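Note that subunit A is present in both complexes that follow, paired respectively with subunit B and with subunit C.
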Partner chain A sequence: MSEVEILAGARPIREVNEAIRSAVARGDDVVVKDTRSRHNLAIGLGAGARVRLEGSVGYYCGGLNCGARVEIQRNAGWAVGEAMSDGEIVVNGYAGMSAGTSMLGGLLHIRGDAGPRCGVAMKGGDIIVEGKIGYLSGFMAHAGRIVALGGAGDACADSLWGGEVWLGASPKSLGVDTREIEPSADEVSSVEALLESRGLRRPEVDWRKIVSAQRLWHFQSRDAQAWLMI
Partner chain B sequence: MCGIAGRILEESGPIGRDLVELMDAQVHRGADSTGFALYGSPLESGYIVRAVGFERSRLDSDLEDFKSIIRSQGCDFAVDPVADDAESRHVSVRMVVSEISDLPKWTRAVDEISSRIEVQSVGRSLEIIKDVGTAADVADKHGVRDYCGTHGLGHARLATESSVVPTASHPFWARPFPDVAIVHNGQITNYFLLRNRLERQGYRFMTANDSELIAVWISDRMRQGQGKPEALRKSIDEIDGVFTYLIADRDSIGFAKDKWAIKPLVVMGDEREIAVATEEQAVRRIYLEEGDVVNFDGPAITHTWPILDAREAA
Partner chain C sequence: MADDLTEYEFPFPPATEDSIAMRDGAAANRPAGVPESYDQGKSARWSPKAIADVHAMSQLGRYQLRGFNTFSTRMPTFDDLVFVPASMTRLPLEGYRESCETETVLGDRPGLVSNPIRLAIPIYVASMSFGALSANAKAALGYGASKAGTMTCTGEGGMLEDEREASNLLVYQITPSRYMLDLEHLRMADGIELVMGQGAKPGTGGVLLGMKVSERVARMRSLPLGVDQRSTVRHPDFLGADDLQVKIEELREATGYKIPIFAKIGATRPRYDVAIAAKAGADVVVVDGTEGGTGASPEMLLDHTGIPTMSAVRAAREALDECGKSGEVSLVIAGGIRSGVDAAKALALGADAIMIGTAALMALGCNSPRYFEDYEALGTSPGRCHHCHTGRCPVGITTQEPELEERLDVAGAAERVARFLTAMTMEITLLAKSCGKSSVHNLEVEDLRALSLEASAFTGVSLAGIDRPFTW
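Moving on to the complex of A and B:
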């Protein structure tokens, strides 16, 4: 097994992704260079694949991941890890809007801040954000966990259907149909274990756990006014 | 989905080439039409007029009529108008005219024949070039890459609200405010209400495109004495829909983004020059190396970047 360098540059993305797939099939680790914030890099890779992207990437990087380890050296654009079902994606910088959209499983670890709608429509898995999550994060998530050490912007966890948002600092505001609950000692241990698996120890954090208040589960159109957020 | 871009250079340079790059990188966001608002060295007197003639074979006689109208307004061609030499039925015309004493009145007069020649921009410096097709199509047809200037805007359009014709493309001129242009990514839902109000005040809109409203709306606010930053902020409360738009004049490029935080905007650069676009990969066409990128991802944001040349001249 060796490490293979692949240049993105101005090449067609399909060609770059085919080169990544061939290298992965040979059992090689992949380093993608000259990424130029381009879209759709390292899509749909499976277990055993290891890809490091040296630089910033554009939209949907690592989307449909089903077991690969993908690391982005700098920033990611829209929807990094969209619909991933397994594996691990690490963003060392900032993750743009809708990080982890509709993800089903696996782990998305963002070392910087995340933009608006982080974890929108999430259906499973974990998102760890060492910084802050943006406006409307967790919007309409069904399941899974978002853990944001740096707190959250406005309308945090708006219209949460299921799942959990854990905050290590205050949100600017909570969204509609949310409830803040006192986590049990077991639940806190589980989040701490998740963080420790990533080399993060935060014993001093006073966790705020946000869940669905479940009133929108039985939406009545006559109540519509109560749900208008702006 | 559309793509927008802006570029400011420290001093007059290859603004056309850079804007074509920024739009070529976003061609997948819309290829119905592409347009550019370009700001070159300002004329000391007189105006540059960009227009489209709808019937190439009739252009000479239409220009004769245009000339008699502007003469009736005490204005004349400073040099002979120049038309593109493509084979399309419509034809782009660049005119340089002498001083205009009352631009709103002049504009109303030339708009009498707007079904034959439609004025698309008037300014000391601004030139709007827009046409159907991709960035490369429009750049090739109109020689956009050769254009020198200090700043400008670009737009790639995926038509949602009105027809795919050269005149319904962006950028839009803030008729009749000289040198003001916008590009917009999004949909405005209450444009017909706001437009009706402006029409009752005498403003004229040439298309059924929702975006045409924005430039006039902001300019009207500024005419009433509001500062540009304040007018931009106010637009977030009063203009409804999802939008990120860029507005340019001779002094600055500004932007406003709605409270839903849907349409992205990315900027790279420093205090002296910047590139701004819908997608980061577009600004990376200008700045190949990794560098600090600002993502305006949050809700309800405005910002204004000054044009250095204009600031130093002031």
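Moving on to the complex of A and C:
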């Protein structure tokens, strides 16, 4: 196993991804240089793949990841790690809108801030944001955990179906149909263990845990007979 | 004269009020000349339905919600168009003997898509989710379509194993809610459809009431059991045309440029939307007219949003022509197609392929006259049922209740779907051959005439006889 350098530059993205895939298939670690904020880098990689992108990336970086470890040296554009089912993506800078969109599993770790709609439609897995998350983060998420140490923007966790948003600082406002609850000691230690696995220790944090108030789970008129009136 | 004041007096004694009211010989409770409608309340505005709607909404405290499709009586229909077969100027083909090409290829872009979708016929089964439909219904549609040489589409509830097994060709939908969307399932698909809207309720997300969110449905959608699922309408990770282009590239990267990417829109502004989808890189654009069906929708959206299928086809085809994408990007049309006749007219207006949803359910047995007492319990009867939203489908199609689902015999239903698709195709080829066409894809606007000013104005098809389109 060795480390292979792949130049993104202005090459067609299909060619760059093919080079990444064949290096991964050979068992090599991949370093992508001259990333130029290109879209669609390192899409759909599987377990065992290790890719480091030296620079900033555009949209959907690490999208549909199934087990790869992807590290972005600087910032990521929209929807980094979208629909990821397994694996680990680290963004060392900031992430744009919709980071971790509809992800099903795995871990997305953002060291800076994340833009609006972080974890939108999320179905599982964990998102850790060391900074804060933008407005409408967690919008209509189904399951999984978003942990934002730096707090959140407006309408945090709006219309959550399920899942949890953990905040280490105040949100600007909570979204509709949310409920802030006191986490149990076990839950706090589980979040702390997750953070510790990433080398983060925050024993002093007064956690705010946001969950669904479940009022939007049903139309208010729930009588099944009522549906027959039409 | 000031209103009804008059100074004039007859030169004879004034009449009695009974005499003026013509009460002699009249019904006791109504003077002659007072119309019967006073009793019957024949207000055009406050029809019995309008009154009942207010009563229902004032009890429910929300909009009405139901399945099926629009009840609007104001839609133009394909019945306003007729074919003008070959006679002296053109030569017909032998309708009962000569062959007519029906193969339909979607996403055939050499050098870009390595596995375009090859259908034996120009019709396939529309996207209807597992959740809206029972697993038996999905499987029967899949097997029926496979036998007829065509395909089905998953709908938004994720890819059901039963359907993947049944369908030789399966398009996998990506809706804004992204239920069960991962790489594994993308790579199991023969095509991917990005859904930007649907005909029944363009601009609004899907609805699945709690009665149908069973354990299996909830698991596939990662939803709490029994919730009234109301889906998002805006995609979580792209907004406009430029983003869509990047998204399509991502999907190609994820699937190795093997399978075509579809973009589905509800018919609202097809001239612009189709051009944008084509320019953004979709291989197939699907336009779903307002007559399109649904498992559940706020009722007023069915009747008051979107434009009719017939009017959308021409605009969609002209849009592809105008941006030079005809022949490169395929156009699929859906929404209220009932027969091979409707489908042939849509092909002539410019479609490359036709999707059927409700018609395919009818072939499964939707609204068939059986289990009368169960229709009655829903307050309806066979032929009028539109209660897909309740999950109590008397014939096992739009339900998640095991005892109802059992009523749908997969083998029998699959055979009916296959036969219906075959019959529809025979209708199309018969019409095509009468127009002298050796391929159903050679049907053209010139083969049609409009029977109404409205149909002509909507489609640009020449009026019957005068052979000129209605213009202003």
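Please note the rule applied: the second predicted complex is superposed on the first by the 219 of 230 C-alpha atoms of A that agree within 3 Å, B and C clash if a C-alpha of one lies under 4 Å from a C-alpha of the other, contacts with A are read in each partner's own complex, and residues count from 1 in each chain.
Quick note on the criterion: a residue touches a chain if its C-beta (ideal position, glycine included) is under 8 Å from a C-beta of that chain, and two chains touch if they have at least 3 such contacts.
No experiment lies behind these values; they were computed from the predicted model shown.
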First, second, both or neither for A:Cys66, with subunit B first and subunit C second: second
First (subunit B), second (subunit C), both or neither touched by A:Arg74: first
First, second, both or neither for A:Val176, with subunit B first and subunit C second: neither
Which of subunit B and subunit C A:Asn40 touches, first, second, both or neither: second
Which superposed partner A:Ile13 touches (first subunit B, second subunit C, both, neither): second
Which superposed partner A:Glu82 touches (first subunit B, second subunit C, both, neither): second
Contacts of A:Met140 with subunit B and subunit C, given as first, second, both or neither: second
First, second, both or neither for A:His218, with subunit B first and subunit C second: second
Superposed model, subunit A: greater residue contact from subunit B or subunit C: C
Doubly contacted residues of subunit A, that is, touched by subunit B and again by subunit C: 39, 58-59, 78, 97, 117, 230
Subunit C contact footprint on subunit A (complex, rising order): 13-14, 17, 39-40, 43-44, 58-60, 63-66, 78-79, 82-83, 85, 97-98, 101-102, 104, 117, 120-121, 123-124, 139-140, 142-143, 161-162, 214, 216-222, 224, 226-230
Subunit A-facing residues of subunit B, complex: 259-261, 264, 279-281, 283-284, 288, 290, 293, 295, 297-299
Touch list for subunit C against partner subunit A, complex: 56, 59-62, 64-66, 176-178, 180-184, 186, 209-211, 221-224, 227-228, 230, 232, 236-238, 243, 246-247, 249-250, 252-254, 257, 299, 378-379, 386-387, 389-390
In the complex with subunit B, residue positions of subunit A that touch it: 36-39, 55-56, 58-59, 74-75, 77-78, 94, 96-97, 115-117, 134-136, 153-154, 230
